[in-house]
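Listed after this line are the structures, all set down as structure tokens.
The two complexes that follow have subunit A in common; it is paired with subunit B in the first and with subunit C in the second.
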Partner chain A sequence: MKELLKLCLLLPAVALLTSCGGDGNPNKATQGAFNTNDAAAAVYVAPGEYDEYYEFFSGGFSGQVSVVGLPSGRLFRRIPVFSVDPEKGYGFDEESKAMLNTTHGFIPWDDAHHPKLSQTNGEIDGRWLFINGNNTPRIARIDLTTFETAEIIEIPNSAGNHSSPYLTMNTEYVVAGTRFSIPIPQKDVPIETYKENFQGMLSFISVAPEDGDMDIAFQILVPGFDYDLASSGKGPSHGWTFFTTYNTEKGRTMKEATASQNDKDFIAAINWKKAEEYIAAGNFEEWDSEYTNNIVDEGSHIASSETKHKVKVLNSSNCPGMIYFLPTPKSPHGVDVNPTGEYIVGCGKLSADLTVHSFSKMMAAIEAESYETIIDGIPVLKYEEVVTGVVKSGGLGPLHTEFDGDGNAYTSFFISSEVVKWNVGTWEVIDRVPSYYSIGHLSIPGGGSMKPSRKYLISMNKITKDRYLPTGPELAHSAQLYDITGDKMRLLLDFPTDGEPHYAQGCLAELIKPNSKKFYKLDENTHPYAVMSEEDVRVERDGKNVHVYMSSIRSHFAPDNIEGVKVGDRVYWHVTNLEQDWDTPHGFAMMGARNAETLIMPGLTKTLVWEPKVEGVFPFYCTDFCSALHQEMQGYVRVSAAGSDVPLKWSLGED
Partner chain B sequence: MKKNILLLLIVGICFGCSENGSTEDPTAAVEAPETELLPGQEAIVDPDSDPNILQIALGSKDHTTLVAAVKAAEQTTALANNGPLTVFAPTNAAFAALPEGTVDNLLLPENKMTLISIIQMHAAPGSYSLAQLKDGQSLFVASGHNVKVEVREDGTYVHGAKILGTVNAANGIVHVVDKVFTP
Partner chain C sequence: MKPLSRIYILIASLALILIYFQPLWYIALEAPQYPEGVEMYIWVNKITGQQESTLQNINILNHYIGMQKIEPDSIPELKIFPFVGALLILFGLFVWWKNNPKLLYVFGITLIGLSMLGILDFWMWEYDYGHNLDPHAAIQVEGMTYQPPLLGSKWLLNFKAVSFPHIGGMGLALASFLTLWAMIHQKWAKTSY
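Up next, the complex of A and B:
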């Protein structure tokens, strides 16, 4: 926070500098395009027309993912992932609660960072979206046929899961790294023993090709640095994953100063194919490490949690050939491998310049065993033997780089608040355009894959003073859409985002749209409390538990009059939506329920628990305006005294 | 155009599946006339979802007159939207039994409001299954009229028209009737 404040203080100075025109910014003249009909036409998607791209934004501290269309910037859906969502009942209804279980218990929130779309042969395949939870280390998998979170896996022996999920080019693995080193395994030690007791861990989580099921394949124990971001190799560099590090000083307090001492930190290059060999050869330790894996059952749509107990750990110090350090200046933040797989771009966030390493030079240096030094058994390659280019940007605070597939790269500069376009190969700056303000991540649809599209670029900006109507102390973060089809970037659109996006990834809508599910088939619903028709509805008592087997269809619940519930009962409302039609969810809300509503998609069963505390007659109703008689979609439940002999009965349409 | 033909074929099949106690066979698919393209959500090709009232009517060879009237009155959206509606669907024979020239006259542009009113007279807000239609019941219909239900020995009559069959729709219920309702 302090760091951010300091950067904010710097901003006016930067603005002053740039507004003098002294930097010769060639884009000044075209900024006016923002207000022209030309720009408006470029983003106008006529009523009833579809956007060309899906773009998935992380919500950052909202813990969720938002689905936006490009070029319009229209928000289509907010997918609950790591945070509860009372709107949909996510984390509140009995079916979804287990999604948020961890070894720390039920956690209703996380900080969602980097959405990454699954790939096949280095191209986005439109099957799943992965995103990391930064706070209590987890990775979620979202099914892109349903746009729902299908699985969450906890990462053991980790903390600050920031360098994640950055999947490999066939989605063999999603990865996770400790931004915050900790005692591994955890133990009670003085914090001042950081240098002796703290370590990092890089985790490789396998993804089953048929159903996406995640499992911790192996973990790699590494020195106690801060592993910040990652990028997996492709083409020639397939088989390698690169992690940036900072705090190679191993500072534990006042890190803004202590972690900025070294002129260079490292990019850690992991040869995961070599790691697989060590695992296959049995050259690992099996640790007792608990972690939770939550998964939604396809038939019942009920999430269940499994606690797993073992992980395979490789120690980087005794696995030669598995890990190398590439010296990289000034606390590098982003690392991005270009679409050909040859260049590894590191952004030293305290620097003005970018460092470009060459994969082939790296391999030659490894072959020659040309090391500068060895740290904890890990060879440090010589900077001048791996670096192939330096981009002299003229900006300040580079963070992330994306590529357009035509040999251009685009880097975000937080402090100087701009996007700089440069040539991959000559390392020359081609163009620069301001962002409003303090850009963090940037995104080109298809970014991170071998086939990015050269049409739009999105900047995600932290500061929006003077951009929108003010809303008190907290302002919306923004996204800005740029046209990148020409030599010059051109700002087209500026729209607020949900939460704080830390990266977004998109793809052509055609990769996802044809597979989007319309409803769930009722005859495939295996929920134990489902009803297949109104003939099946009933109420059953089991001690103090009352199970209501209920159905909903336009425009009534069955049953809708229930008696015989008593104070002290625990009532399970199992509501099956009998509709078999697209876009026909029903909601269910019960007066006095201390959880939320639940939204029930057609063909599914959802369960809301209600514990009545007082006698009376209480209404329940449908919350999703389903039909012309939605207001009539309502019923009553009578609650009698704890010892009363009112018999259990239920009905629909009785005179 | 191809899309529409495909839609009709698919609906024809679905209709056959969901038919419920019908005494007729209104399931045969027909080709949509070349000129008639449907607007908005009516044009969605969705072979998976249960068919809506409009799709059921479009798929029935015995309801081509009704479909033509619904289109001329621009009432397709109401029949495809989320409802719920109970539609009393007169057969082609029912329309043919009207005095000669009645239908042609109603289809004239200057009589559009009358046509709309007559079509709306055949739609009651809500889903009324056959069992829910009780003898003596007065049903409010979309034109603003009330129509009377009679349960006779040989079946259920609404506004004097006999229910020949019933089809459940995703957005309501279609009761096929043998007479056109007139005020």
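Up next, the complex of A and C:
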């Protein structure tokens, strides 16, 4: 019996091996540009040398973004985006708190999924990184000169912001779609009325070319499916954005079954240039929809929140020519447009095959009105009229496809835990490699643009089990780096990631590195509580509020002795870092502060609030090892009884 | 004046103009954790760094050993030297125009004398910065002083201090050299040109 069981377990593996595509002759495969079997040498970046690529990984449930170098896999920085970060004071100090405001109030966490680098003419331009917050729908913009979150915009009339931000080829728009359909606008209805009351919404958020400022340009009301992932057209297909859907069954419970019944779901093709025409023609409804837009002011570095009240909504049913459905098998997850803009690859995640639609065939089908049916005013194009190829992969559970610059495509297969390389045009499988284990998305630097790299591929894996030293029940997720310069992919490196990356996007370091800021100019600091020199430092009382105008420079705070603070006061520590040199942050930590420390970059001012509860003398100190006398960088604040008459007094270096 | 000496004086006078466009001297501090270097430029009228904030950064480094702050506003020479330089240029051109050998010697001795005094003055400032240290400094190394070299390099704790004349300083040196040569030529050359 045991033997039989073993045999059964072996069978699928044998099937996989025999189904391997390509020419089947490993000797014919080229070795790859590194021309060495030494994977270690291929990823070795000597001490003091730079990596060739930046790669930005989403943190998934960490809510953050991590910045990694390729090929080394070294982590450089974790950028706080949707989650508070006590290490940097993000979401704790007075300047950054507003970044996490929403119409639901202050939210200290989100689920960050898909980092997308801004593009100009279909190529990555290294200006900004956009990423979606999935749980409370938001999109963030990260400034790549400072590697800090510069703006967050909330998406109204949405839920489960998963098909986002997938920008257009000149960053005209970043998009957002409802993975969870909901009553739009929200209302109190029985869940069982899903089919009548639930809808989806696809949002187009404009990005100002000069400063990146985001605004909701328009929203499109669509049937109540689950809008999963997206990809914008390029070249000939510029002007279109494609969204995958599942749950076209409109199931509302036990979705793993109810949403998996239809043989085909849809890729929704949105003609956003047409949508712009409808907006210009006034063919929209203006809705009262509240949403929050948080922006960091460049001079003061203070984030402020603005509540906006109006959105323009297009109803897909009365905007002909704006949306078409392309039937695509088995609950497609990824939809990816190849670098030439002609092919639209759908990954039916419950199937073995990939479905490739042709943009020119789609246009012809639209022209000929070859409709299978019409759903809520949206024509469903005939499958056989739009499909141009099917990749018989031999794998199971395709999720996401990226392309190299050489006419090859690479698709991740979650269920069969592998990456499959195939030819765009012949639809033949060329190579396959295992992932360890259960790959989600994959990434080629420059992926999603018209100029992807021809060198590396990263797989992002959900399960690691025995791959690393165990750390109890909770294990790291992982990334694997493959050399894709040859016909055969080759595993070079396997490294743990921060959080759970759902996607990563990278580009040549040269696009970003030269613009990286070294410090903020003090004389450009417009923070209302900034001090320009130690001569300006002071303490001011305003009722119960005490404002400490403090400076930090190697290796002291000014002032460092403060008296006259009373129990029940609210003390605002406004610390300006007077340093004007590269890599000279100071930290500020106050004993008993119920928030966090704050890290102050050179030239900036940060404010930490402290509410002393008892009398005594309490220390504060610098937390970032700044200099030879860092340990001496400390001070005291005296707290007196609520009604005491100890005068407000401050000093530095007085005996 | 012999024609060649006269030409030397003209070139010397013009070479002096360089001090208004290029630094006289350059002092760099080198240490591994300063990959961009810390570079200071001494001009006829100011002291600058490779960045706006370099002087502040040098002063921060120097405060550990108790060195005085380098504050260009408090150095009177930086206010006087530009006028001295202008007078020397005008004097040189005057000598060239007057074509008078006696004036040549007066000019030559003035220029060379002032140049040497300038270097002595620079050395004295360096001496003062290097020796006149705050007795309460955090870092005190027995017997250690921090006078940067006038020419060449020297280790000052973890920093290698490198000091050389810059283009303006070379202009001054060239002017002095040409003037000296003009005088020698005027006095001893057998030729009439």
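Observations, loosely collected:
Here is the rule we go by: the second predicted complex is superposed on the first by the 618 of 655 C-alpha atoms of A that agree within 3 Å, B and C clash if a C-alpha of one lies under 4 Å from a C-alpha of the other, contacts with A are read in each partner's own complex, and residues count from 1 in each chain.
Heads up, the rule we're going with is that a residue touches a chain if its C-beta (ideal position, glycine included) is under 8 Å from a C-beta of that chain, and two chains touch if they have at least 3 such contacts.
It should be emphasised that the depicted structure is a prediction, and the values quoted were computed from it without experimental measurement.
Residue contacts after overlaying the shared chain place A:653 against subunit B, while subunit C stays out of touching range. Residue contacts after overlaying the shared chain place A:580 against subunit B and subunit C alike. Subunit A is touched at more residues by one of its partners, and among subunit B and subunit C that partner is B.
In the superposition on chain A, contact of A:626 is made with subunit B only, not with subunit C.
In the superposition on chain A, A:554 makes contact with both subunit B and subunit C. On subunit A, the patch touched by subunit B and the patch touched by subunit C overlap at residues 519, 554, 579-582, 627-629. Touching subunit C in their complex are the following residues of subunit A: 519, 521, 553-554, 579-582, 627-629, 632.
Remark: subunit A residues 48, 518-519, 554-555, 579-584, 626-629, 653 touch subunit B in the complex. Residues 40, 44, 46, 48-50, 52, 82-85, 125-127, 132, 170-172 of subunit B touch subunit A in their complex. Every residue of subunit C that touches subunit A in the complex is listed here, in rising order: 36, 51-53, 56-57, 60, 64, 138-139.
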